[in-house]
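Let me begin by presenting the structure, written as structure tokens, before commenting on it.
By written order: A, B, C and D. Residues from 1 in each chain.
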Amino acid sequence: MNSLIPLLVAAPLAGAALLLLGGRALDRLGHWIATALAALSFALGLALFADMLGRDAEHRAVTEQLYSWIPVDGFRADVAFQLDQLSITFVLLITGVGTLIHLYSVGYMAHDERRRRFFAYLNLFLAAMLVLVLADNYLLLYVGWEGVGLASFLLIGFWQHKPSAATAAKKAFVVNRVGDMGLSIAIMLMFVEFGSFAFQPVFATAGDASEGKLTAIGLMLLLAACGKSAQVPLQSWLGDAMEGPTPVSALIHAATMVTAGVYLIVRSGAIFNLAPDAQTAVVVVGAVTLLFGAVVGCAKDDIKKALAGSTMSQIGYMIMAAGLGPIGYAFAIMHLVTHGFFKAGMFLGAGSVMHGMNDEVNMRHYGGLRTYMPVTFATFGLGYLAIIGFPGLSGFFSKDKIIEAAFAKGGTEGWILGLCALLGAAITAFYMTRVMVLTFFGEKRWQPDADGNEPHPHESPKSMTVPMVVLAFGSVFAGGLFIYGNSFLHWLEPVTGHAEGDSPLSAWTVTGLATVCMLAGAALAWQMYGRNPVPVKAPVGSLLTRAARRDLLQDDFNHAVLVRPGSALAATLVWFDSRGLDGLVNGLAAAIGGISGRLRRIQTGYVRTYALSMFGGTLVLVASTLLMRSV
Amino acid sequence: MNPANYLYLAALLFTIGASGVLLRRNAIVLFMCVELMLNASNLALVTFSRMHGNLDGQILAFFTMVVAAAEVVVGLAIIVSIFRTRHSASVDDSNLMKL
Amino acid sequence: MSYLLSATCAVPAAGAVLTAALPAGTSEARRRTTKTVALAVSVLTLGLAAAIAVAFEPGGARYQLTESHSWIRSFGISFSLGADGIGTALVLLTAVLVPLVMLAGWHDADPAAPEGSFESKRRTQAFFALILAVEAMVLVSFLATDVFVFYVFFEAMLIPMYFLIGGFGDRAGGPDADRQRSYAAVKFLLYNLLGGLVMLAAVIGLYVVAGDQGQATFSLTALTDAISSGKLVIDPNAQRALFLGFFFAFAVKAPMWPLHTWLPNAMGESTAGTAVLITAVVDKVGTFAMLRFCLGLFPDASKTFAPVIMVLALIGIVYGALVAIGQKDIKRLVAYASISHFGFIILGVFAMTSQGQSGATLYMVNHGISTAAWMLVAGFLISRRGSRLIADYGGVQKVAPVLAGTFLIGGLATLSLPGMAPFVSEFLVLVGTFSRYPAIGIVATFGIVLAALYALLLYQRTMTGPVKAGVEGVRDLKVRELAVVAPLVALTLLLGVYPKPLTDLVNPAVNDTLSQVHRTDPAPAHPVAATNGGEQK
Amino acid sequence: MIPVHALAAANGSGPSIPAPHIEYGQLSPMLVVFGAALLGVLVEAFLPRRLRATAQLGVSLLGLGGAFAAVVVLAAQGHGTTRAGLLAMGAVAIDGPALFLQGVILLTAVLAVLTYAEGRLEPRINGHRVDAFAAQAAAVPGGEQERDATREGLRTTEIYPLTLFAVGGMLLFPAANDLLTMFVALEVLSLPLYLMCALARRRRLISQEAAVKYFLLGAFASAFFLFGTALVYGYAGSLQLGEIADVVSGVSQVTPALAVTTQNDALLLIGLAMLAVGLLFKVGAVPFHSWTPDVYQGAPTPVTGFMAAATKTAAFGALLRLFYVAFPGIRWDWRPVMWGVAILTMVVGAVLAITQQDVKRLLAYSSVAHAGFILTGLIATDRRGVAAVLFYLLAYSFVTLGAFAVVTLVRDSKGEATHLSNWAGLGRRSPLLAAVFALFLLAFAGIPLTSGFTGKFAVFQAAAEGGATPLVIVGVLSSAVAAFFYIRVIVLMFFSDPQPSGPAVAVPSPLTATAIGVGVLVTLGLGLLPQYFLDLASKAALFTR
């Protein structure tokens, strides 16, 4: 059975290779092949899951050694997969949601002439993401880590003819690279410390290392997570990444890839548990990002960017939970899974709306769409309810658990985190209600597109709606399923461990507070956007609004602090290289030439001058010979 | 007489000859100055020959005279031909090649 | 005594003479004959190189298939060749790249000027003969086990290389392209000649020093044996001076910051194929020689200077990448990227850890392959549009998707994407450096961010966006060009996923080098439990 | 030394003078060459004009070839090694260096004579083939007489006997074992050369100027040499190098006169310095080099090639013998001074060459720089150094001769086009010729696999072993500077566009082609497989005394 594990990766990888190399012959069938392979991978995942369920909790984790990858003395990197409860959870999420989104894309990309390539990239993404979650060591994880980055780059920039898309793709990759630097350094630190970077041995030995070293490793891993999961301060790429086709945003930039940071931290729990300072850093990053993303989400008029802000914020929750240690790991993953359902569903919904509205993304140009796109409205609405934490839906359970865990951290820290989380919940409800209202309610504010075509909103084809419906089911029921009998917690416990915190508030109090916050936020949004007409052109807005529209000036900051000095430095060095270093070399050559030109003048052409130089030379020769004797 | 005096004379003649080469312009005169230097050497050779009591120096002096004669032949040929071309015996006029 | 090694070197040499002697003429048929002959020779060489790799036993002696022919007895010089793992890997690299470079430059030496002008009738013959000559000399350099023989070919290869740079451009330069190109060629030659001459002084010095202690030989194996057994003790000051003499030449050739300024000119002005020969093959002789000669002959001095060299290499990594970001010319950008990469290689060599040195060796191979792919595709692009300026491009992927795709793959390999060959080597170098010099390792890691910037900026500016005027006519890759790129891409991926054959080849030689400098890897602070360590092979 | 009492004794014994013992066999190379020269004079005097050129060529080649054969035979008989010895009552030494250098000089002379006879480069005049030499040397340039002479197709065939006389002097020069012989040899080789310089067919003004400059400065230098001879004789009481050495190192019997003169070291040191001046002038070392560019430029190019190759060889031979046989005892005095000269020569030669615009002047400065490189070998003061210098001279001679032979081929309507701008694009018009010249330039630059590299390696190695490491470093650096101007010419030939009205490359007769071809072969041969010649040089590297 374990030998099936490599097939999980191989199936989509083969799909990618086939589609990329196959050429135009596969234009007509390629997308179905890709979808089938994604589904195959999902089926394999299910089979492995069933197999795993058949074993005791202690024997569920298995390792499949493929081959020795980089054998160098004292250095060992293998291509080996580890399938345990944590990774199978991801496998199912990735392949499951992935298959649905493949299916959705069949319809969504039907008219794109480069559809085959799109599906190849999607398959490539699946393969890389599976490597990421299945790797049994950090270096192989790194392969998946950058592999998904590559897929993300290719897919964000899929419409390369748009300069904005190309720029966004490059930005995503480069910012991620900063995070990857963290991962590299973390691996190097582990190697120096433990002589290995495979999960099992490192975690087993982590206790021997000093806390300082572990903190350093933890911080570097956090840097990596910040990059991949768009956490402050490396969050700036996610908003721009919405330039990619919407299925991409759903799969990569909502459900799966961006959550890799959470996976990394949870997976490295053994290290973080021993490095409290690193954990503190993690929760701070998580808390800051959850508010940051939420604020940004409130101000965006672009539906996808609003959702992107939301994603950032939700991942902030997960990171915060992961930073809480054993009390939060399982809930981080649980929220990750439920978020995968509802956020993917909402992105697909957004895609469906755009599909019907001539690719319009500005919510101020929507309005009243609920009657035109009933399925989209229903599925999006369910996702909406899930994310704001409407009682009984999946987001309610998972988010609630995180808020509880935050309070359970204890002390002032617990209070601060808990309140942040509650505030976040309120803002979440606000901006999601805003999205919902602007899109589906109110009057029509439709505008003709650039070519003057009036939009004719209509429901999307089956291939698109079916995945949305499936995801909506997940949004509704997943949370309840997971929470029932703490099944999810127990499932993950062998991997992540679990600890009960010491909460100053009872569970019910927290739930109540969260619900109140949610209602308050939603009500405020309804008040602002539901009861008043929405201007088609965005009002100037307050300072905060304007800042939030500009992603809280993150790009301005990066531009001022990194990009501009960076290009200035590059320009200076280019100048220095040609004028300074090369100038030195050319100057030396010119100097020798100059000396030569001067020295030539002693060759006057007059015999007597020559005779004089000989005579002088003789005198010097005689004198120096005599001098040598006297010395 | 102290043989050193002959040597001093030889050195003086040699220096005069060398100075002449450096100072005079006429090729013939210049060449005569070189001859003077050769003769200064001859004087020194003969003196040393006498001091050492062997004939080597004197023999060389004879050779020098022959060589000087040969030099004159060659030298005059060259100088005369260039004089006929340029109508000048000044060495400073032969200045086509330089730098 | 086997003659495999000398045959491998002799075949391209003979091929060069043969190609040069083929009948002159500018007719298409004549030219095709020339090209075919040259290509056949290079493929034959590849076959012989493969035979070396097959015959080489990774577990055996350091130098295998050795042969020695008396050459200049008066100076204690014999024409000795021997293959070790590192050399064999680089011989393979060279033998693989040369046919591809020829194929890529199939039309580079076709007459540029209209009939009747002063263009030489032997242009095509000259181009291919020069490439084969370079190949022969490079192969000897990689296989030489005699310091003098190495020196001679290290230096002599400058001449054909010089004519390749100066004589054959990419026809994409400005109005004063000829002047620029001859400037580049002269700069290349003078820089390297200066390096070589300084090394000559050191070579002579080494012989004198060794001769004083009864070891008057140029044989590398004899010298290193004598040094490691203590029979030959070079006074520390002399050792430092000699080391610097050798290192200077290699640092110019490699090239290491701040001696690099010839490379952008040379790579920018020459044809893409020549640029690949320079950066992927010829320059590798420099880094290779650091590993084999500097470390092997002057272990103590190497250790003394290692920190300084590491810092210079580090500057080179960051500097090269930053200057690459600021470039306006595609080929110069690739050149500066290479300078950055050479920094990594040198870092790996002087970190003196098994990871670092294995990584450096792999890096030489991988950089050769990946830069070849990147540069050759860039060359295909430039030959279509007739410009090297980045600003003249835009939206190429729209009109030539395969070209754009392969260019992207080249760029991704250059930025060391995991799963591709350069990643393996770069990571090994970083780990190897980090384990001895953590600070340098961390700053070097910053290089991977900058690499992403220059590689992707170039891709973005040239390939994406709306189709620029002048780019509409750009055709996609032809079959010949695909045949060039495909093997390179395949190798990049293969060696990224399964580098074991290469590491197995290289590791013993690296260990031997490390033992020559009396260095062992720093032990981990808290090694993982023995059960896990025990599995290590 | 011919002591006075010996003559007196001869007088006493009767009217017969004991004939000095002359080893004609071992002197035969020189005798053959001088004989051929005299025969050449006779040919000049008695043969009709139309036959002279051919006959002179035949006589010269036979003479030189015969002399070379004699050298080979002598060497084979071991006169270079085991049977080396002093001849003609100690006036001449036939030993390894002498034979080796005589061989080199003779071979160079053969090739040079071939280039003299080249008749296809100049356009025919009235159906007469003419060569590079003046129609009538005595005629005023541009005058009526010259026009007539030219119209009649006259040729200065005297060049052959002159060359043979010069070669004879050159053969004697490195073999001279006393200062008298050395002085005479110096003059014998110089005087014909002065004349030969003046014999160019084209650009006669600068040709004559070259001659007058060479003559006056050469005579000036000879005067120094002679005065130096006098002083050394005064110190040592002998002209023979071996005996001087004995006196210098204090092993000979001290006569009363010696007791006085050896008190005065200044005599010795000044004398030595002045002797050195005479010889350094001939090799073209700085600061005695100033004649080189002018004379090289002005002289007819075949003569320049001969002069540059053979004179330098002969003069270095003499210099070696002087320092190694007569003055090894005071090497601590002269070595530092020669260090200075060597450094100055290398640097000034290389630096000055950079800005030259005329290919012949450029090669002249290059020869100055090479003199510096050879001097580093000389300073090694051991057998290895001698061997290195011998090898270098062999390598250098052929490269130089070949290079100047190539220069004769690049011509425009005014004769040879020696200005560098005319050489632009030569590689595109005549790739073969340009490639050959490039090979010579690369050999000059000391690029591996050419003879120049082997030579340079040999001298630098010898110098380093002799403890002259700084010299090696200066040498290496000035090699780099020197490389610059060689490469500049290559750039010009290959990478510049030809001028529309540029020069044409004349197709040479087999004579010049042979000279160039041999030059190429030797250049490559000594680069690729130098072992035999290194052995030869190293076997030959022992001076007898």
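By our rule, a contact is a pair of C-beta atoms (placed from the backbone, for glycine too) under 8 Å apart; a residue touches a chain by one contact, two chains touch by 3 or more.
These are the chains along with the protein names UniProt gives them: A = NADH-quinone oxidoreductase subunit L; B = NADH-quinone oxidoreductase subunit K; C = NADH-quinone oxidoreductase subunit M; D = NADH-quinone oxidoreductase subunit N.
Not measured: the values here are computed from a predicted model.
Participant: Keeping to the contact definition above, tell me which chains border both chain A and chain C.
Facilitator: D
Participant: A-D versus A-B: which has more C-beta pairs touching?
Facilitator: A-D
Participant: Comparing centres built from CA atoms, which chain ends up most distant from chain C?
Facilitator: In terms of C-alpha centroids, the chain at the greatest distance from chain C is B.
Participant: Could you work out how far the Cα centre of chain A sits from that of chain B, in whole Å?
Facilitator: Roughly 96 Å separates the two chain centres.
Participant: Using mean CA coordinates as chain centres, what's the chain A-chain D distance in Å?
Facilitator: Each chain's C-alpha centroid was found; their separation is 79 Å.
Participant: Indicate the whole-number Å distance between the mean C-alpha point of chain B and the mean C-alpha point of chain C.
Facilitator: Centres of chain B and chain C (C-alpha means) sit 65 Å apart.
Participant: Go ahead and note the Å separation of the Cα centroids belonging to chain C and chain D.
Facilitator: Using C-alpha averages as centres, the distance is 45 Å.
Participant: Touching at least two other chains at once: which residues of chain B meet that condition?
Facilitator: Within chain B, the residues that touch at least two other chains are 18, 21, 30, 91, 94-98.
Participant: Would you give the residues of chain C that are in contact with at least 2 other chains, written as numbers and ranges?
Facilitator: Touching at least two other chains: 190.
Participant: Which chain D residues sit where two or more other chains touch them?
Facilitator: 212-213, 216, 220, 224, 293-294, 484
Participant: For this structure, enumerate the chain pairs that meet the touch criterion.
Facilitator: A-B, A-C, A-D, B-D, C-D
Participant: What residues of chain B sit close enough to touch chain D in their complex?
Facilitator: Counting only chain B, the residues touching chain D are 7, 10, 14, 17-18, 21, 27, 30-31, 34, 37-38, 40-42, 44-45, 47-49, 51-57, 59-60, 63-64, 67, 70-71, 74-75, 77-79, 81-82, 84-85, 91, 94-98.
Participant: With touch defined as at the start, can you tell me which chain B residues reach chain A in the complex?
Facilitator: 18, 21-23, 25, 30, 91-92, 94-99
Participant: Enumerate the contact residues on chain C facing chain D in the complex.
Facilitator: My answer: residues 70-75, 118-120, 122, 126, 151-153, 155-156, 158-159, 162-163, 166-167, 178, 181-182, 185-186, 189-190, 193-194, 197-198, 200-201, 204-205, 207-208, 211.
Participant: Per the contact definition, I'd like the list of chain D residues that touch chain C in the complex.
Facilitator: 387, 425, 427-429, 431, 442, 445-449, 453-454, 457-458, 460-461, 464-465, 469, 472-473, 476-477, 479-480, 483-484, 487-488, 491, 494-498, 529-531, 534-535, 538
Participant: Could you please specify the touching residues of chain D with respect to chain B in the complex?
Facilitator: Interface residues on the chain D side: 1-4, 7, 137-138, 140-141, 179-180, 183-184, 187, 191, 194-195, 198, 204-206, 208-213, 215-216, 219-220, 222-224, 226-227, 229-231, 233-234, 237-239, 255, 257-258, 260-261, 293-294, 297-298, 361.
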